[in-house]
Amino acid sequence: MNRVINDPDLVVEDMLKGYVRAHSDTLSVAENPRVIVARTAAQPGRVGLVTGGGSGHEPAFLGYVGSGLLDAVAVGEIFSSPTAKSFHDAVVAADGGGGVAVLYGNYAGDNMNVKMAIRMAERSGLVVRTVVANDDVASAPKTEIAKRRGVAGEILMWKIAGAAAARGEGLGEVIRLAQKTIDQTRSVGIGLSSCIIPAVGKANFTIPDGQMEVGIGHHGEPGIQVTHIRSAHDMADLMLDIILPDLPILRGDEVAVLVSGLGATPLMEQYILYGELSRRLDAEGVGIQRPFVGNLFTSLEMMGVTVTLLKLDDELRDLLAAPCQSVGLSVGGER
Amino acid sequence: MNRVINDPDLVVEDMLKGYVRAHSDTLSVAENPRVIVARTAAQPGRVGLVTGGGSGHEPAFLGYVGSGLLDAVAVGEIFSSPTAKSFHDAVVAADGGGGVAVLYGNYAGDNMNVKMAIRMAERSGLVVRTVVANDDVASAPKTEIAKRRGVAGEILMWKIAGAAAARGEGLGEVIRLAQKTIDQTRSVGIGLSSCIIPAVGKANFTIPDGQMEVGIGHHGEPGIQVTHIRSAHDMADLMLDIILPDLPILRGDEVAVLVSGLGATPLMEQYILYGELSRRLDAEGVGIQRPFVGNLFTSLEMMGVTVTLLKLDDELRDLLAAPCQSVGLSVGGER
Amino acid sequence: MSQVQNQSLPMRGAAYIVENLIDMMALQRAYLSEIDGAIGDGDHGINMSKGFSQARTRMAGRAQTPDLAAALDDLAMTLLEGIGGSMGPLYGGFFLAMSEALSTQGELNAKNFGAALSSGVDAVQDVGSAQVGDKTLIDTLIPARDAYHAALEAGQPFAAALDEMVAAAKQGQESTRMLQARLGRASRLGERSIGVLDAGATSCYFILESLAQSVKQGLTAQ
Amino acid sequence: MSQVQNQSLPMRGAAYIVENLIDMMALQRAYLSEIDGAIGDGDHGINMSKGFSQARTRMAGRAQTPDLAAALDDLAMTLLEGIGGSMGPLYGGFFLAMSEALSTQGELNAKNFGAALSSGVDAVQDVGSAQVGDKTLIDTLIPARDAYHAALEAGQPFAAALDEMVAAAKQGQESTRMLQARLGRASRLGERSIGVLDAGATSCYFILESLAQSVKQGLTAQ
């Protein structure tokens, strides 16, 4: 395990130290050291946007704090939900009087901590609403869609809600748009290798050489199929065969596509996969509006990729095109 | 070897297909399929900026094609120089009549191909000048500084030259600034694991578990020391002990810092390292002006990091702060 | 043994009940992690004792010794602040609800303890949505709560009702051995989760047992 | 054998000299890669034959059969277009310089072949900065060029000078066996590069040998 760390139990603290030092021009740490806040947060009347989750997914979650994106993020231990207090403090930091939207992923720990955080926030009279991302198709059948986990589709939800909040929409409208975005979003992942949490020191799952795990979760949650490794061409088809019929996404539809490496898969290969996805979407008659490719939502040094499709309409397309600036995602104004 | 590829011999072609599809709004492929050109290239009178190098370093080199950055890039096979013709065609694509600056890294193959490319370009009457990056301190002693390889410091050279060209400087001035930037830049890398070129199928060097290679090159070129792995704290000190005295960078100086992961090292760990670098630079009385942290110049799925310091003065600081937009690097105008 | 058995104890001076919980959790640290190791990630004892021991610092930081409701609030807030994952909000919610239920009370008696217990159990279910049979701490909590209230309705005194509660909690904890986990980390194992105790159900038994002991001690001591 | 030995041959119709180079390179593909495998990355034969075989397509694409200078230009441009790394620019530069030197000539003779050879060697050194003793193709080229010019100065005819060139090229190639590589990939091995032939020096010997054979064939055939 060759890592760039100090004390394995303090990797999150040490990361935050470096992160806040590096980006002190655009963000700061709250009194609670596990809460990162955009310098643009809490503008009077503007809806505040909050998320949070376990660490090890960088640039998620803290990398999406920025202008036109999130206002505050609660930071957990590696692969473990932030505390209720951290979610609460993020909500307080994001609040500018217009209410706060907590937009997070569907994991047991996050659900529970957000619930308790809201209870605490409501005691102090804050108005808080939530949207829970459940874009990971492979994590539960469509009949149990509310059980699905949230993965990289969250980024698109933050982007669209961030643009809506930036242009002054109220809490109800921001929540509607975030919910609509995630309802129109589908993701699936393929794992090619495991990863090691430094404090644990060994992988808690394995993917044998020459095999791949279709539908794997962001923490190594078991997928729906372990099979011999396929070509990028076949991976793209396999992933779209899972995603397209689920919403469904049909001929004539337009989608945003997000490809994320899980950590160790080179950017080169992410673009190879994107090429194959666009080949297949062309063949299906599905238009691609705005592709995002990169290590956008990772799992430490896991090898593998996730693919996310968001079915667009006019209002979502406009919001996706609005400018934003953050460590993880920047959309230029002039595009 | 669990990879997301089709034919291992065609990874570069397949990547380019996806890359151009994904970014067709800002760039295109030239008639030569190994040349990527910014849509903003060849503006009448503006100096054109070109680079090129082997693939496998993504987002380098092609990710730095964009506004305020490079105009055209020649793309080689994995870890192998682009052809002379590709460098030539990139020069042709970048030329807007104001001359072309080829800003590349000091590798035997690149030196030779650029030389032949210029010969070909001069036949057609183009004006071409070059700056060769040699920022990798560990690759040769200071007495043989011209032998040093170019690594992630190239990004800062492109950034500054790109800003100079964008504000309308002439070729001589762009070359002066690029040369000054690289003269004031020092880098060093630490390797923690090897990487595998898909077409080769096995690593052509090894770093044993629990060991690290200080001064390793971007293609696994041997470093100056193989030693047991250290804490991020000690890595930062070790790297700065190599970099600081070489220029030298002294108390009261201001620097830009660039930390790049080599591919598989998580962003979390890159920020841990950045925290330790800033600790040490604080202690030395060296000011940090503008940090860049991320997988900015990689070596496939190698684990490890590089650290680059650029000693700033007023003109370099201004150019570094100018806006730019590309896949690998975006600096917002409002910062 | 021959002491008078009271039916209530004053809230002031009852912070020791929380202190006993903290001491107990430190003692059970290794055992709880060992149980969690069989079908979870082996950190339940670490999570719990980390959170509980921090509560001592919070209580010590107060200008004066807190009453029971305030001490429970300290414990709840510490858990909500110090443990992420699921234990922070579940036990944090449990103790927070108990604290709120008792905050207006001058003394602890069979009735308001019963109300506080019910309110705590409701909070755990509200936060975690677990049902009996899911192999969680709910398998300890629900039968314990029901047994306590049944005893009260049957006219039993406070201390006896607490004994009924502990006995039912023990049965509930033991019942998890033959259950298949349907929630939390262990649920990923499917049938392989059958045959071992649930860590949360076990820590919950220890908590109820400690509460009962401490209250009974207070009822007797006066 | 009893045919007349001419001292020149017309540039038109001499494209076969380049075609022979291409054929030869296909034959030596495996051997050159094998040599490169000992201290390099084992691709020298692949690189060379890939580049050379593409030149055939380029020549075939012309409206009419090229003369020698044009055929050399086709080969050079193909190498500059088709092979990155170091062989493209080194051999591309070599053949481009030869082509340029011959482009104004109606016939190939001892004098302008010598000038073209010198110009090609200069290009290789200009591009690659190698010196004799660095264990590269320069170790073949320099003695070959010098032997050729010495033979001419000694009054020897074209064909004999070519023989001297080939003999010196062979010696130069063999000399690389005991050299330590100072440039290119093999230089990383330090002393471990001693004891085996250099791949580039070997391909260069084959090229000069093929050139000499083809020219001599042309001189004889008329």
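Just so it is clear, A, B, C and D label the chains in written order, and each chain counts residues from 1 on its own.
The rule we apply is simple: a residue touches a chain if its C-beta (ideal position, glycine included) is under 8 Å from a C-beta of that chain, and two chains touch if they have at least 3 such contacts.
Keep in mind that this is a model prediction, so the values were computed, not measured.
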- Touching chain B and chain C alike: which chains? A
- Item | chain A and chain D: spacing of chain centres that average the CA atoms, whole Å | 58
- Message: Rounded to a whole Å, what is the gap between the Cα centroids of chain B and chain D?
- Response: 35
- Chain-centre distance (mean CA atoms) for chain A and chain B, in whole Å, is 29
- Message: Which positions in chain C are in touch with at least two other chains?
- Response: none
- Item | Residue list for chain B, restricted to those that touch at least two other chains | none
- Query: Line, ring, star, complete or other: which describes how these chains touch one another?
  - Reply: line
- Query: Hey, which chains are touching each other here?
  - Reply: A-B, A-C, B-D
- Item | Contacting residues of chain B [partner chain A, same complex] | 1-6, 11-12, 14-19, 21-23, 25-26, 55-56, 58-59, 63, 190, 192-193, 207, 209-212, 229, 231-233, 235, 263-276, 278, 288, 291, 293-295, 298, 300-301, 303, 305, 325, 327, 330, 332, 334-335
- Query: Which residues of chain C touch chain A in the complex?
  - Reply: 41, 77, 80-86, 88-90, 92-93, 96, 126-128, 183-184, 188
- Where on chain A does chain C make contact in their complex? 54, 76-77, 80-86, 88, 108-109, 112-113, 115-116, 119-120, 204, 221-222
